[in-house]
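Below is one structure, written out as structure tokens, with a few remarks after it.
Which chain is which? They are A, B, C and D, in the order written, and residues in each are numbered from 1.
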Amino acid sequence: MNRREPLRVAVIGTGRMGADHVRRIDRVVSGARVTAVVDTDAERAKAVAAGVDGCAAYTDPAAAMAAADVDAVLVASPGPAHEAALLAAFAHDLPVLCEKPLTPDAASALRVMEAEQALGHRRVQVGFMRRYDTEYVRLKALLESGQLGRPLMLHNRHRNVASPPFFTSAMLISDSVAHEVDATRWLLGHEISAVTVLRPTPSSGAPDGLRDPQFVVLETDGGALSDVEIFVNCGFGYQVQAEVVCERGTARIGDGHALVTHMAGRWGGTITQDWTDRFAQAYDDEIQAWVDTTRRGGVTGPSTWDGYAAAAVCEAGVRALEEGGRVEVALVEKPALYR
Amino acid sequence: MNRREPLRVAVIGTGRMGADHVRRIDRVVSGARVTAVVDTDAERAKAVAAGVDGCAAYTDPAAAMAAADVDAVLVASPGPAHEAALLAAFAHDLPVLCEKPLTPDAASALRVMEAEQALGHRRVQVGFMRRYDTEYVRLKALLESGQLGRPLMLHNRHRNVASPPFFTSAMLISDSVAHEVDATRWLLGHEISAVTVLRPTPSSGAPDGLRDPQFVVLETDGGALSDVEIFVNCGFGYQVQAEVVCERGTARIGDGHALVTHMAGRWGGTITQDWTDRFAQAYDDEIQAWVDTTRRGGVTGPSTWDGYAAAAVCEAGVRALEEGGRVEVALVEKPALYR
Amino acid sequence: MNRREPLRVAVIGTGRMGADHVRRIDRVVSGARVTAVVDTDAERAKAVAAGVDGCAAYTDPAAAMAAADVDAVLVASPGPAHEAALLAAFAHDLPVLCEKPLTPDAASALRVMEAEQALGHRRVQVGFMRRYDTEYVRLKALLESGQLGRPLMLHNRHRNVASPPFFTSAMLISDSVAHEVDATRWLLGHEISAVTVLRPTPSSGAPDGLRDPQFVVLETDGGALSDVEIFVNCGFGYQVQAEVVCERGTARIGDGHALVTHMAGRWGGTITQDWTDRFAQAYDDEIQAWVDTTRRGGVTGPSTWDGYAAAAVCEAGVRALEEGGRVEVALVEKPALYR
Amino acid sequence: MNRREPLRVAVIGTGRMGADHVRRIDRVVSGARVTAVVDTDAERAKAVAAGVDGCAAYTDPAAAMAAADVDAVLVASPGPAHEAALLAAFAHDLPVLCEKPLTPDAASALRVMEAEQALGHRRVQVGFMRRYDTEYVRLKALLESGQLGRPLMLHNRHRNVASPPFFTSAMLISDSVAHEVDATRWLLGHEISAVTVLRPTPSSGAPDGLRDPQFVVLETDGGALSDVEIFVNCGFGYQVQAEVVCERGTARIGDGHALVTHMAGRWGGTITQDWTDRFAQAYDDEIQAWVDTTRRGGVTGPSTWDGYAAAAVCEAGVRALEEGGRVEVALVEKPALYR
């Protein structure tokens, strides 16, 4: 492909996750636009399409994939609908980003895998988005650097404020721990060979009958262990933490702090060396705010008055530096335009 | 304006900062594209323009602003060139994002302010980008919530690894502390009324003759104090920290931690309540990575194999939950396509 | 008893731990003194006794316990010698502090317990000293306050830099995890009902043949789980950490920080309310340093010159407060006595 | 002197601080006992003396110092009474620990200093107890190690929940900042050459008329700066923080964390290498608790049952390690003696 034109994406499913991806492609990501949305609920599809320039609404994924202005597919429908959507995308040889889970069980996942192999090339990226989280990315890079030696154990914490009403004890594993399953495989580079699930007395904060929390031990074919506390009605916040214990030290993420290591008699983290790194997000948001406001015909942010006041204070500051003592700052009266 | 088409931006100045803004608008920000770049160095302008679809190179800012495909101007040229660029933009009534400083001194800033007033409406956003930094934004919101009471003092730390060769003692004020001048005004909502600069013995790590570090005390017309440690050859890292001391507590940012408060007998921070908040960056980067790789005709990220392996482990996990004990995971052999 | 005279203690065993307890009673603890030390190595016993005023050396515990100037016994001999020492102490009806383990196995512990019951009153305090660690004490108090609700899980980390040469795989459990066994029982108030030990691939930093690290899961009769990472050749430091997960929040100790809780949307800790609390250790150490130096005929610490200089600076400070501006401090020349 | 007998101390002043020192010498410190207490309030002196074995009550300091059983003097009377007490102690050539301030002003301090010089040897230790605080001690040691290079600036925070009713604006300097004055001199090894006091608008939480907070800048004859935020009605807690900025890095104490450094691209702290270091306080408190309870004829702490239960669990653990899988723990029924 190697195209300069924006990628034209069909988003399958316009529930909470699908609608959020539509917003993301429309407003956040550069180089792509949403040209089709699909939902079995035609009204919902139309409502989402209406908010996006040049976006059509469909109820049938295959119809959207057959459209001339669709280059790629993002699957965000419920899990049981994934297999059909993936096979349809393969039929049109379209690249797919498929939200997790790939499919709800191993047998259907195997069928999808066989179909992709029949195609002869990879077409699917699965939505295990933790692999893109800045903290996980740093943890992975640190492990690959070899500084800490070989990983021996991985301790994971996964806590939600409250589970949705339809949540079952099995979903703590298949829906929640699924993330740690992928994180374990990715961080350690091993396949998981056995699973043990321990069930402490449920919290009185959990709905009746729900086994919450659970404690899961994953053994890997590389000999490392990964344990997971999953607690979906902890009540106090959303927390995802991971601590890798290696032969020469440990590294932890998810603590409110950035990556913290313990090795060679010291604990701590790194310090940014450059302002472009420290303030990258601020620059991005500043320019985005300017673009957004300007497109709406407005003006926002620090004004000419702010620029003037800063110049006046800095002038006084330089005098104070050079002459010593305290220097007063004199400003003109603030013009009406800037009040 | 209120346009659906992308905003077409002329970027004035293609040095380090200008070139970075061109990249930002081209690759990061949505809803805008760079249609003109301007530099007195024609070769540099051409080189930058060559990397962007539909972007022309100019040596004269006014010529770029007169082009039909320019809706807005981003000024990233050296400070002394700002006044002329701003006046030219006003002549075309174009919205401007002007990098800090607005102009190098109060007198020229005053002229710009008068010209904008003559225009009758605001056109300028000054590039004090800390107002867009997530941590500063949270600190500002906390102050405005009134939880901590009225601010009494603001302690600032501003440290750079090393200063560039051309840096003078006065530039520690006019170039570096300029950021804290704006942050003080913005966070406290007061104008600065007096400045004192204290000069400890310079660090032996600073170039000969440079008064580094300095300690600056800013008094405000609201009665609050703001002190600034500026140390541009600290050697160990880039650090920007701010601690506001209020009537009922303190709040600190820039410590590697997110916002930390001390009030009512407790120190600490808040815990995210939702996964969309905790992992927003991961989702954005995931979709951006997919778009970028797909446009290049490639495939990246978690594969169908990863989706299958996760499904198989979760199935075993659910059995372990329901039956108790340890359950082994059986995977098919890994197909060549996913190795 | 209820005595005003110091308690006269016989210390059984003068190895590393025993000798340290002799020093502790002699130099740190108030209200007690060591009047007898016992070791099968007579020379070692004599050497230790020689350092303490009025202390006799013995090779036979029973002989020491029969001495007229012995009120209580501290057992710090190797584990296999504990049973005999305890029974001897019971024979003299003496109170005993017995280092952990009480005895090396459950059968001998049962015999000791039966002997104490025959005595009709408790005489033994076992040396599980974590129950006296400030952080554990705070964690226990927090759990008992009920603020966090019922404990569901306890995550423990126990890491040593390197294991001594005689250490076996079983000793990771019986010597090291023994501490977490007691901490779990004490913190949760439950008995342990089942144990599972998982064995990741050993670290290459561990001696050949040693199963290090291990991961232990303790189930309790109250339905809570306690897991323990034991890693005795981690190489980087000594760490003992515990995190309790309760129905309404978590609490963690051992992180370099004091007790940190996560609950109700916030993480953090408490702030001391009083200087007597914050500086209790400083006052204790200050007076102890003064007593020690004075007994040796010396003088230490801040001098009269320091008191004078502080008074002169504070006088200048009060003038600066009252008159505004900068006030210089004039000191007399520093006398030779204080140089 | 070099005595083996306990040091016999007269404590002058039995207010809050004096009474606490009496308790400290009687109950915490080893090698000393209080043989005399002095207070102009005879009833108060008697009440305090009554709680200590062999302690006499006096109203006249000189009478106490003349007693045969007094080897040393601790002065904890109000500041204005210090000069007389110190001169009386010099007359008896007794060693003195004098609470801060040495005397209330520089002139009287000078007289005391001259009297001590006339004596020909040092007799006074002034009670600047921060020099004995573990965190300050570590900070001082780090500065002396030279790792961070020469100190350039010291930032201090000193916050109290609320000031006592008699507190004046000048006392923020002479009573509170006095501690930072000594800490600055001690940590930096310089004399203070000038003082500036800045006065932000007082907090509405401060009593009417009290200038609280204040911001004090101390200049030293070594060219380093020390700034102090003093805020005695901050409402939320007691905080004493210090951050030293050196040529190659910074170090901070008082944050709830132990000493944290920033240098060479990393922030963080050290990890204990040894259990004797990590648990020294626990061992001390354990033995003290045993001694105290035993002297009262009681038994406390972990019982024989706890020792037995731990042995039984560890036995099961070793079996689980050796045989794999889950091993149940069987305990005998808990005897009545241990319930």
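FYI, a residue touches a chain if its C-beta (ideal position, glycine included) is under 8 Å from a C-beta of that chain, and two chains touch if they have at least 3 such contacts.
Treat the numbers as computed from the prediction; the structure is a model and nothing was measured.
Looking at which of A-B and B-D shares more C-beta pairs in contact, the answer is the pair A-B. Centroid distances from chain D, each centroid being the mean of CA atoms, peak for A.
The geometric centre of chain A is 49 Å away from that of chain D, both derived from CA atoms. Each chain gets a centre from the mean of its Cα atoms; for chain B and chain D, those two points are 44 Å apart. Centre-to-centre separation between chain A and chain B, using Cα means, comes to 21 Å.
Each of residues 196, 236-237, 239, 256, 262, 265-267, 269, 271, 273 in chain B touches at least two other chains. Those residues of chain D that touch chain A in the shared complex are 260, 262, 265-271, 273.
Residues 149-150, 152-153, 155, 196, 198, 200-201, 203-205, 213, 215, 217, 219, 222-225, 227, 229, 231, 234-237, 239, 245, 247-250, 256, 262-267 of chain C are the ones that touch chain A when the two sit in their complex.
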